[in-house]
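Given below, in the form of structure tokens, are the structures.
Shared between the two complexes below is chain A, which has chain B as its partner in the first and chain C in the second.
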Partner chain A sequence: MLSLVTFFPLAGVLAIIIAARNNANTARYIALIVSLATFVLSLRLLIDFDSSTAAFQFLEESEWLPAYGITYRMGVDGISLPFVLLTTFLTPLCILSSWKSVQKMVQEYMIAFLALEAFVIGVFCALDFILFYILWEAMLIPMFLLIGIWGGPNRVYAALKFFLYTLAGSVLMLIAIIVMKYTAGTFSIPDLMNAPLGFNLQIWLFLGFFVSFAVKVPMWPFHTWLPDAHVEAPTGGSVILAGILLKMGAYGFLRFSIPMLPDAARYFVPLIFGLSLVGVVYTALVALMQKDLKKLIAYSSVSHMGFVTIGIFSFNQQGLEGGILQMINHGIVAGGLFLLVGVIYDRMHTREIAKFGGVVNVMPVYAVIFMLFTMAAVGLPGTNGFVGEFLILLGAFLANKGVAIVATTGLVLGAAYMLWLYKKVFFGVIHSDEVQALKDMDRREMAIFAPLIILIFWIGFYPGPFLEIMHTSVEQLLAQAHTIKAGTAAVSMY
Partner chain B sequence: MSRELLIIVAPLIGSMIAGLFGRYIGKAMARNVTILGMTVSAALAIIVFFEVAVGDGPEIRKEIFSWIIAGDFKVHFGILIDRITATMLIVVSGISTLIHIYSVGYMAEDPHQPRFFSYLSFFTFAMLMLVTGDNFLQLFFGWEGVGLASYLLIGFWYQKESACNAAMKAFLVNRVGDFGFALGIFAIYMVFGTLDYAQVFQMAGTDQYPKTIDFIFFGPSPTITVITLLLFVGAMGKSAQFILHTWLPDAMEGPTPVSALIHAATMVTAGVFMVCRTSPLFELSETSLTVVTLVGATTALFAATVGLVQNDIKKVIAYSTCSQLGYMFFAAGVSAYSAAIFHLMTHAFFKALLFLSAGAVIHAMHHEQDMRKMGGLWKKLPITYTVMMIGTLALTGFPYLAGFFSKDAILEAAYAAHSTSGTIAWVMGMSAAVLTSFYSFRLIFMTFHGKPRDQHAYDHAHEAPWSIRFPLLVLAVGAIFAGMLGAPMVHEGWFKEAIILAPGHDAMANAHHVALWVKWLPFGAFLVGLTLAWFLYIKVTTLPKILAETYLGIYKFLLNAWYFDKLYDKIFVEPAKAIGRGLWQTGDITIIDGYGVNGIAATCGRVAQWFKGVQTGYVYHYAFAMIVGLLVLVTVYS
Partner chain C sequence: MPVQMPDISLGLMLPEILVALLAMALLLMSAWYGKEGRGTIGWMSIFGIGLAALAIMIGGGTGETTFGGMFVDDTFARYMKLLLLIATVLPLLISFNYVHDNKMDGGEYYVITLFSMLGGMFMVSSGDFVMLYLGLELMSLSIYVLAAFKRNDQKSSEAGLKYFILGSLASGILLYGISLIYGSFGTVSYTGIAEALANSHGHVTPAVGLGMVMIVGGLSFKVAAAPFHMWAPDVYEGAPTSVTAFMASMPKVAAFAVLYRVLIITFPALHSQWGPLLQFLAIASLAVGSFAAIAQTNIKRMLAYSSIGHVGFLLIGLSTGTSDGYQSVLLYLTIYIIMNTGAFALILILNRGGIGDELTDFKGLAKKRPFLAVLMATFMFSMGGIPPLAGFIGKLYIFMAAIKAGMISIAIAGVLFSAVGAFYYLRVVKYMYFDEAKSDFSMPVSSASQAVIVMSGVIMLVWGVFPGSLLSWTETTVRMFQ
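Showing the complex of A and B:
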């Protein structure tokens, strides 16, 4: 079942190669149908998922390269399942949003997108370190192509920067993986969670993983690839980038750093808190000064992800659940905001904030939807953003009051840049003919936002079902985070 | 759906219909739907009020559904209607309904009516959520909801740059307050393990929680003081108290009905409501009560001084609101919560009346708000003049009108508190009363008396339509009788368990027994203010100008509201922008990208260049290298 969900998009790739060689429209429909089917399949996972246990479910295991101890092993728990669903949920929306805006090499674009989806789902399902690593790296290729081929004017620089940044991090992770294999004797992720590791070794391994994950999140000061990548990426690419790729870093912390290296994770809490706080405030201030719509939202992403890492490393139920929920929320809200920027970019072919103004006069529906996402982004109660941020800050407050206080200033700054953006783009009088000529959203465009809006309110008013999925797994993760592994250390680096 | 739930939800339904389908069902239908929703809400609110507050019915508690559950953290949506809430329900639903009706006439020419009525009803929904919640998070929910509605309504005329800026400012200043409020909520959860009012208040009186908590660099601090002060920061933001007041005068950019409903009668009183609601906590901290008293008293006096010199008719009333909110706070600060709620209620009537009459004047003058261009209007607008005079008399404390009872109760309680802060508040409040009387009658005299200063506008002035006059008359009746009818509120125990007083906090009880001169001094203040205003604006009309020129420094200081806006620009707004720009240009682009990312890339390039230089392709170069290598190897290993 899990493999089917994971690799079903690749069937779409095949179908496009065979059936849509010369017909762009067929490729679009195949991609849409396949991604929708994948989403439906993944819902099956949700239905069959048993949220009362923290064990991995839908396990699949088969020999792969036994000589090196590498196994094909897949499974999900309450922490990874939400991300799988987020991926399968956002991909059809991205494909729909690229319907008209991508006109060159449509088949290749759709192939890249479906391949990306498959690899990303794989990353969240993999329970073998080598399998995980391969998929983690493989996912870079379609993303690199998406930015490099279908991106804006400065796409090559952005694509290279994105690729090299993340690759540099990955290399250290590979070393850490190999060292773990040779100390604990396995690549199996569930086994490694229980493997004893010496304190010093944990420290080094943590740092090895840290760079890789911190680049992905991205945490300050590893964030500078993100604004460039976002600005140049096509709309669909931005959505996936913000909605899902960023989550892989934080997922890494949840899946590897904390359960496998709990002593080191606790040791490094001040470092994570420090960088996250700088990130929250620094990038929020930088976002205040941006002149490009996408860049502003990109910087706000960094700021929001700072909240997420604070929540995760609060090491309590509220913080962790808030952190995971906020990642889902950010996928919905930042994803939605990038889609919204795409809507107006398709019409005006500019993202410069100063070129707009008075848009509400000609695009009232668009303005209302944008306002909704803005309010979700600033965490207004009733929207999903509030539940996530509130739980995170509550968790942080219980862990460390100072951290919570500084992080809470992010709420003020966040409101400042989002409202400023809204005012500049939507309010005021129209002062250019291009804005005057704008047409409001059509049905296809509204259809993209409907499911996102439903989720914003659903999670805002009744987050129960979403938190339910993760309760048990988070409890276990907490127990793991508080174990002292170094005490029972069988092996140590020195 | 239960009756209590319908009180809250009816406005929301109206708002959704008007907002989502306004363009299909048309303006008239959209506004009628919202008015219907409000009428239902108000009618039910009155019934509930009679049951809970007039009759001796028990308080109503209902749990609706659970909202957030994460670990031990559990919060639900619930309804709590005790006597405080019942009073608030009447004020909110009642006045909101009147203002919906008023808006039919006032906004008649506006093309965006469905949007306006939708926002207005949404506001009412959020405000009702705020007052009916039975836990702190729901209070916060309503709190932020009214903030959003306020933002949307201040910026309703979005084509005006100034309106958009004012809307943003309101939202952001309130966020600063919310910053404190949110931290207060976290602290409550940390200490009590719940956010439910009943449980928190019950535990607060016991010894089952730590009496001190470490609060960052303050070290161990008294728990309740920390919590209440954090909550109070939120109240200061929402209720525009001194240092967080700057958004309120700007908020007058919104349409006048909005100013009346949100920025006078209801939303801005949310802070007062919060302090009274959490009286079981505030009562436990003398420090917090002192802070509340002093901040309130300072605001009362400060805003009154600024109100003296404003020329925009709405700004005068805005500063007056700010000042009256200060009264309510210092009443709460001296433990006279019942007087605070009483004044909140009477103030809602007469201040909404003042704003709406000002709106009628503005409407009559074709959107002119500058009082220097008015004058002599009483002949043209006799009804408006009459009701505005009633509002003014009620505000300034003319005997037996609304303000006379509630404001005097506050001043007497402050006097009877026999504490230093109480006495300071009494002196400041009494001085503010003189100023209140002065600026209120200055407004009346400048607008309605003397000679018309703009003959053209005067000639075209006309009395407003019935939809405008009707709410004015209802409110005028309220401004006359609310004080008399509400007077039992300040008697001990009227609010039952909703307000809990610590032993010895008997300012309100003593207030009934103060000396006669204390009781009649506010009337003296009224007379002094009235006489001064009459002298300056009727008798010797050249004098104000001479005074302003003689004391130019003071005049400008007051006119610019003590320069708070300039100060905040200099210390917050501009530095934030400069730092943001610096971090971006220097931090991201120069340092991280320049030296870090691109620097490493460039270094790789240089190293590669260097290596490339070695690969010359000339055979003799390689031969030479081989010979050198061979020599080295031979030397090392021989």
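Showing the complex of A and C:
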């Protein structure tokens, strides 16, 4: 079942190669249908999922390269399942949003997108380290092409920077993985969670993983690839990037760094808190200064992901669940905001904030939807943003009051830049003919946002079911995080 | 003193004999038939290589020796010879048109290629240093000629001459090393030296150490490992492209086979000395291969530096001194041969349109010939070691072997250089996919070239995901070194 969900998009790739060689529209429909089918299949996972156990479910195991202990092993638990669903949920929306904006090499675009989806789902399902690494790296190829071929004016630079940054980050992870294999004797992720590792080794391994995940999250100061990649990527690419790829880094912390290297994770909490806080405040300040819509949202992503890492490393139920929920929220909200920017970019072909103004007069529906997403991004009660941020701050407060207080300023700044953005773009008088000529959203565009808006309020008012899925797994993660794995008593710095 | 006749069983050398006879027959034929018959000579040489391959697959790998131990036919020789044949056939298949268009098809081209391969086969099967040297010289001399094959082209002549002079120097160093070893032990046989060393209880005279270093140095020249790499970029660039494709793969197989024989069979007792030596060569090659390639604008030069980098990875695997390491080198070498030939095939295809030597010639290929661009991108990503392609599997096993042998810092250096190296492979993809076309790429693609690139591309994907068969072949091959 899990393999089916993961590799079903690849069937779409084949279908496009065979059936849609010369017909762009067929390629679009195939991609949409396949991604919707994948979503439906993944819902089946949700229905059959047993949230009362923390064990991995839908396990699949078959021999792959037994001589080297590499196995094809898949499975999900309460932590990875939400990300799988998020991926399958956002991909059809991205494909829908690129319906008209992508006009050149449509087949290739859809192929890249479906391949990306398959690899990303695989990353969240993989329970063998080499399988995980292969998918984690393989994902770079379609993303590189998405940014480089269909991106903006500076796309080549952005694509290369994205690729090389992430690659340089992840090669060290490969070394860490192999070292773990020869210390603990296995590539199996569940087994490694229980394998004893010495404290010093844990420290080195943690650093090896840290670089790779920190680049992906991205944490300050490893974030500089993100604004470029976001600004230049096509709308669909930005959505996937913000909505899912960034989550892979934090997922790495949750899945590997904390349960496998708990002593090192506790040891490095001050480092993570420090970098996250700088990230939260500094990038929020940078966001205030941006002239480009996408760049502003890109920096806000870095700021929000800083919250997530604070939540994760506060090592309590509230913080962890808040962190995971906030990642889902951010996937929905930032994804939605990028889609919204895409809507207006398709019409005006500019993202410069100063060129807009008074848009509310010509695009009232658009303004309302944008307002909803702004509120969710700011974390207004009643929206999903509030739930996630509140839980994170609660967790952080329990762990370290100082951190919580500084992090709160990030919230204030977040409200400042988002509202400032809204005011500049939507209010005021219309001062350009281009804005005057804007048409409001059509049905296809509204259809994209409807499911996102439903989720914003659903999680906002009734987050129970969403937290329920991850509850047991988070409890187990907490237990793992507090074990002392190293034989010698490890000194915690806090 | 009675004259002792060495035991001679020619049956063991059947593949070599086949190739030699064929090459000589073809030489006569090319003189006989003149221009009309030349097209068939190429196909006949391929047929002959096929026959040799058949002979190897049916009868090879018995472990017997002949000519008093000069010639060995073991499982390792069998695998490496098959690899040699592949590394010759693929470049031949993709260069028919090139050879014809550049008026290089005087029959000799194929004959010399066959002789070069024959030299490689003798190297692979060598049981002592004399055989090694004979094979090496036959191989190298033939390649010097091939490099200068475009007689009227200044660059090609320069490449041939440069390769010849530096190559002779390297041969001299190798010979000097061999004579030092012979002087110390009174024998040139690999096993004889190994026995003598084992009996010396770890006592190694400076002459032996020096001799070993010189032999490794001479062979490093042949595989173009830094700091013996200076010739490679110029020769790769200047030589006719079809020759470059051949030169980048076949001699490397032969030279690595000899490194196996010399280091693992002859000098296992000196691993503590040659291990660090190879590690130094490996890191130097990786550094040169990844940084110098960035500055290149000519794709043949770029691939020259890239091959230096690949040699760096291979040397890491060899320096471990473990059977995992030996296996990983075979694995990587096999994958390298195929992806490298694939990349050269695309250069040769573009050459037919009058372009293809500059990186910028690839601009916009994806828009005009998406099929060719996908394949080139596959080879580039594979060379860069990006999963799920075979190049990644090769690197993975090298790193696994290195870490298992405790060489963590070398492995870290290796992955970092591979990340740097990814940049210039990506640049080719960038030109093909992100830039506008400046040529219409309307050149025809011969069915032989098409078959080679499609097959290579498919192999990259298949081995990237299911390398099981390759793993078991290489595993059986290196079992004899345990």
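The rule we apply is simple: the second predicted complex is superposed on the first by the 487 of 494 C-alpha atoms of A that agree within 3 Å, B and C clash if a C-alpha of one lies under 4 Å from a C-alpha of the other, contacts with A are read in each partner's own complex, and residues count from 1 in each chain.
The criterion applied here is as follows: a residue touches a chain if its C-beta (ideal position, glycine included) is under 8 Å from a C-beta of that chain, and two chains touch if they have at least 3 such contacts.
No experiment lies behind these values; they were computed from the predicted model shown.
Touch criterion met: A:Ile175 reaches chain C, while chain B stays clear of it. In the superposition on chain A, A:Leu164 makes contact with both chain B and chain C. Residue contacts after overlaying the shared chain place A:Ala138 against chain C, while chain B stays out of touching range. With both structures placed on the common chain, the touch criterion links A:Gln318 to chain B but leaves chain C unconnected.
Shared-chain residue A:Ile149: touches chain C; no touch with chain B.
Contacts of A:Gly382 after superposition on the shared chain: chain B is touched, whereas chain C is not.
Legend: residue contacts after superposition of the two complexes on their common chain; A:Val429 is shown touching chain B, with no touch to chain C. Overlap of the chain B and chain C interfaces on chain A comprises residues 164.
Of all residues in chain A, only 64-65, 67-68, 105, 108, 130, 133-135, 137-138, 140-141, 144-145, 148-149, 155-156, 159-160, 163-164, 167-168, 171-172, 174-175, 178-179, 181-182 touch chain C in the complex they form. Those residues of chain B that touch chain A in the complex are listed here as 65-73, 137, 140-141, 144-145, 148, 151, 155, 158-159, 161, 164-165, 167-168, 171-172, 175-176, 178-179, 182-183, 185-187, 189-190, 214-216, 576-577, 579-581, 583-584, 587-588, 592-593, 596-597, 601.
Across the complex, chain C meets chain A through its residues 366-367, 370, 381, 386-388, 392, 396-397, 399-400, 403-404, 408, 411-412, 415-416, 418-419, 422-423, 426-427, 429-430, 433-434, 467-468, 471-472, 475. For chain A in complex with chain B, the touching residues are 161, 164-165, 221, 224-225, 227, 282, 285-290, 316-318, 321-322, 358, 360-361, 375, 380-382, 386-387, 390-391, 393-394, 397-398, 401-402, 404-405, 408-409, 411-413, 415-416, 419-420, 423, 426-429, 461-464, 467, 471.
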